[in-house]
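The following pair of complexes shares a single chain, chain A, combined with chain B in the former and chain C in the latter.
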Partner chain A sequence: MPSNLSERAIKAKRQDKTATVIISVIVGFIILLLAAIIIYILAKGIGKAVDPSFLTSNPQQFKEGGGIGPELFNSFYLLVITLIISFPLSLGAAIFLAEYAPANAVTSGIKTAIEVLSSLPSIVVGLFAFLLFVIQMGWGFSIASGALALTVFNIPLLVRTIQQALESVPAHQRDAGLAMGLTRWETTIHIILPTAMPAIVTGLILSAGRVFGEAAALIYSAGQSAPALDFTNFDLSSASCPWNIWRPAETLAVHIWKINSEGVVPDLEAVSDGTAAVLIICVLAFNLLARFLGKRLGKKLTAE
Partner chain B sequence: MQTAKFQSSNDAGVLSANQGSVSGNAVASSTGPSGLPEATKQLAKSQLERVGKYITGFCAALVVLVVVSLIFLVAQHGLSTFFVDGINPIAFFTGDTWNPHNTGADGMPLVGALPMIVGSFSVTLLSCVIVIPFALGAAIFAVEINPTLGSKILRPALELLTGIPSVVFGLIGLMVLVPWVRSWAGGTGYGILAGSLVLAVMVLPTVTSLAIDALESVPATYRQSSYALGATRWQTIWHIVLRAALPGLLTAIVLGMARAFGEALAVQMVIGNAAIIPSSLTTPAATLTSILTMSMGNEAMGTVYNDVLWSLALVLLVMSLVFILIVHLIGRKSVSNNAQ
Partner chain C sequence: MMNFGSKASKLEVVGDKVADLNVTVDGTIMRTKDVGVRYNETYKALRDVSLNFDRGQVTALIGPSGCGKSTYLRCLNLMNREIPHCHIDGEIYFHGKQINFKDVNVYDLRTQVGMVFQTPNPFRKSIYDNIAFGLKKHGIKDKAYIDETVERSLKQAALWDEVKDKLKKSAYALSGGQRQRLCIARTLSLNPEIVLMDEPCSALDPIATRAIERTILSIASRGIAVIIVTHNIEQARRVSDKTAYFYLGEMVETGDTSKIFTNPDDQRTADYLDGRFG
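And then the complex of A and B:
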């Protein structure tokens, strides 16, 4: 029955068009939603976020006009310390998995462990750090505890990105190195790592963005208080010394959470909007930097 | 591939060890062109190789140690509720009253965790139901309909969305979603619905990018065969691509659920934190994570209240292990299906 067949073909075509329209609408909605979220945060908080006194003054607990000076510094300081600990560790583990690991039960155990770590809720990681570093080690709420919590939080992501970067280096480059009489280690250091560097740098910066915004792992490790900082103080045991890693250090993300859950700051909305805008600007900057550096390094590598 | 790597690394090790020992006998006689004894160089090389292997192996071992000690510590504290404080696990999992400072009729503290367990599962399932059409639509768009726009606009947008900190989502939920829910549902606006909506936006990038991977892994020949039979694009997507990618899509959803289940602060900010079994989607409720976030800092270590909080953390931990297990089972099943 040709008429029936053509009817079915027409119906199929109509369905095809409808589905395409619906899917395009969904995608349009997602893009709009993202734009709305970012514009909303920036529009509400930009006034505060570009105000130097907000960015440098101390937070207030019961008065209006508090700033986020210590929180801003703490966020970056914690990030740097976290990366100093987690990058070499993840790099080592990733090199082991990508270059050395034999295909046996031990290796699959390591892979499973990393997978488990990556799916653990960050609050559980924070509580583990609370138990081990804050209480058992007796470090209290401190930058040291917080940085280690963030390290545990950051390791699985970083190991996976670095491992993927190493494994995506073509096998013939590895073989060439080995054939030249280089040992596996020399091949890794002189051939594999430089080739994988753009992807590693991109992954590192993206993970930095994630660490920068993390709060749940920090509320019980780096703590929820930000002592006023004195940048002329270099006494590493003093709570007001910015570089002291044994002082509690509330970050920007924790600050937003804390003032909203306590709800005692009178200009709560203005302060949290401003802080959120600063946070989003930093995250956007990390994202752009990752793209830019990744492209730049990639170009440099292929041009040479 | 893995075995080949192993063998070649082993061979390299044997080779350099042999060279080391052979030239080790002839240290005095042979001197390299650079003036350095050739043997010392070889020895240093094989030593360096060993050092490199040990250092990287140590890093990997350290990661494993962290995971094992994390599970051990949380389990130790979480289980002491039942083994030290003598609380009946059945009372913990099925009790609907959460008030650990008071004791019930049986003289035991009221530590029913059912409200939080119900709350956690409700927000997880509801956010998943909300996110599936969006994630699937976006993935189909990026792989099947317009890969150019997909990689130029959609993927960067999703990456950006992943980067937005969870407290910022919580804040937006608090300032926009909660008042919106309040305006039409009455009450406070806090509850499962607000929590699920926030979570849906948060897990969207995770689920979408995994779904994209799943669709991309469907061989192009499947699509070509379908088109050759005269199928439209939508027929191809619906009957061929989605079915072939089903295990991958399920994995994407399960991993999204794992993330939703464990998310703490964003949910805590909008769910209302009332540890009662929710009667509707728009009344205040609580999740495992929200109660943990709120209470852990207030209770001294070693008290029953504190132990019970660790039990909640243990439930979270075990659930995330269960999610991984499900992902592995899906993977294994799809492998055996393909083999048939």
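And then the complex of A and C:
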């Protein structure tokens, strides 16, 4: 029945068009929303965010004109420490899960545990870190406590992205390595890992963006105070030594939360907006860096 | 029984050095006795296959999908051991020594028994590194030797002329047929005595297929035993000295290719070759 057929074709075409329009509208709405948020934050805070003295000076408790120098440094330092702890652990766990783990109850138990860990509210992670690291271990509000809290927060994300990156390497690459007389370990390290590396680096940097903007997990672990830092001080036991991991370290995200909840400085709105702008610029930079480095690394490792 | 390089006359394009290579090695290099494969202890994918492989000969393993020919091939370099719950039964002799035991050095074995896969799978590295990498991993540090081997292997795989000016380029810049020849070169770089090929041409066009077939004949003419699994009956006829027909996890019949193709003993073989099924 040709007439029937063409009727169906017309109907299918119409459905296709309708679906395309609906999807486009939804996507457009989401993009608009995201763009609006970013533009709003940047518009309100850009004045402060590009002011060098705001970026480098110490915060003020009561007067206006305070900066975010220590917070900016703390955010990066805490991030680096967190990644130094969480990346090797996650890489090892992901390699085990992707390449070695037998398909049994223990493995699926581990996988479930990681899933659960990744859906844990970050405030819960923060309170856990407070009880264990700050109180039990007696480390107080410190970079060490904060970094470990962020590690708990970061590991499940990293394990999953690295595992996915490893599993997306075609099985025939594994076969090729093994058939050349390489051990499973050599195959993993020299063939699978380099192939997956661009995706791993991308995942790492994206997770860094999340860690960088994390506040709840840090409020009760890295603390809410930022001692003035003296970059000429290398006494690792001194609170003003930037590299001391036993000092409290308020980060940008925590700073935003704190001045909005209990700040008394007269220019708190400007400080908060400026900090938010700096934070979002950093996170955007992480994302761009992730793409750039992922591509670069891919080219380099695969000679493509 | 064995006639070394019997297919050398078929060579249309003779690779370099073939002519002056007067290898006189002879006889069986590998033999299997009652080799079977089990999955999960119970499911038998393959039963009691006994075959002999001679130096310099090409053996084709043919049969319909799921007949166990690839499974058998993957026993010969113990690659099946990499599959969870897969168990190889029976005896596999390489150089007269039984290798199907638990603590055998599979790593050395696999350098001597190379393998080429269905999907061309060069490493995501440069053409040069695809070959140099394996050598380095097996402890070879001499740069001159590595350079020499890269060139020799690429020549043996009839790829050298096409890639000699772009050795540092990615292997994935090559065409499918070139990639497969690179994989063959990679295998040859370790000086294997046996090369296993698992449907090496099934992803390739007819021209690339012919190039691989010429390479197969050239490899065999160097005294290497080539064992090729193929779906393509014509290919088996073109390249192999011996053929083994597999059906439902069993090896039904084996013999000289000319005999199998003209006058098979078993009705099932005749039916398959006539295209009545499979």
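FYI, the second predicted complex is superposed on the first by the 271 of 304 C-alpha atoms of A that agree within 3 Å, B and C clash if a C-alpha of one lies under 4 Å from a C-alpha of the other, contacts with A are read in each partner's own complex, and residues count from 1 in each chain.
To be clear about the criterion, contacts are C-beta pairs under 8 Å (C-beta built on N, C-alpha and C of every residue); 3 or more make two chains touch, one makes a residue touch a chain.
In this text, all values refer to a predicted model and were calculated from it rather than measured experimentally.
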Check your understanding: Looking at the overlay, what does A:23 touch: chain B (first), chain C (second), both, or neither?
Key -> first
Review point. Regarding the shared-chain residue A:191, is it in contact with chain B (first), chain C (second), both, or neither?
Key: second
Point to revise | First (chain B), second (chain C), both or neither touched by A:102 | key: both
Exercise for review: Name the contact category of A:127: first (chain B only), second (chain C only), both, or neither.
Suggested key: first
Review point. Regarding the shared-chain residue A:13, is it in contact with chain B (first), chain C (second), both, or neither?
Key: first
Check your understanding: Among the partners chain B and chain C, which is in contact with a greater number of residues of chain A?
Key -> B
Point to revise | Which of chain B and chain C A:183 touches, first, second, both or neither | key: both
Review point. Now for A:116: first (chain B), second (chain C), both, or neither, which partner does it touch?
Key: first
Practice item. Scan A:40 for contacts with chain B and chain C and give back first, second, both or neither. Key: first
Exercise for review: Once the two structures are superposed, pull the chain A residues common to the chain B and chain C interfaces.
Suggested key: 102-103, 178, 183-184, 186
Check your understanding: Along chain A, where are the residues that touch chain B in the complex?
Key -> 12-13, 15-16, 19-20, 22-24, 26-27, 29-31, 33-34, 37-38, 40-41, 88-93, 95-97, 99-104, 107, 109-110, 113-117, 119-125, 127-128, 130-132, 135, 152, 155, 159, 178, 183-186, 188-189, 206, 209-210, 212-216, 219-220, 224, 253-254, 256-257, 260-261, 269, 272-273, 276, 279-280, 283-284, 286-287
Point to revise | chain C - residues contacting chain A, complex | key: 77, 79, 82, 84, 106-111, 114-115, 117, 119, 121-126, 129, 133-134, 137-138, 168-173, 183, 186-187, 190
Point to revise | chain A residues within the chain C interface of the complex | key: 102-103, 170, 172-184, 186, 190-191, 194-195, 301-304
Check your understanding: In the complex formed with chain A, which residues of chain B make contact?
Key -> 2-3, 5-6, 8-10, 12, 16, 45-46, 48-49, 51-53, 55-64, 66-71, 73-74, 77, 133-134, 137-138, 140-141, 145, 153-154, 157-168, 170-172, 174-176, 201, 204, 231-235, 237-238, 255, 258-259, 261-265, 268-269, 289, 292-294, 296-297, 301, 310, 313, 316-317, 320-321, 323-324
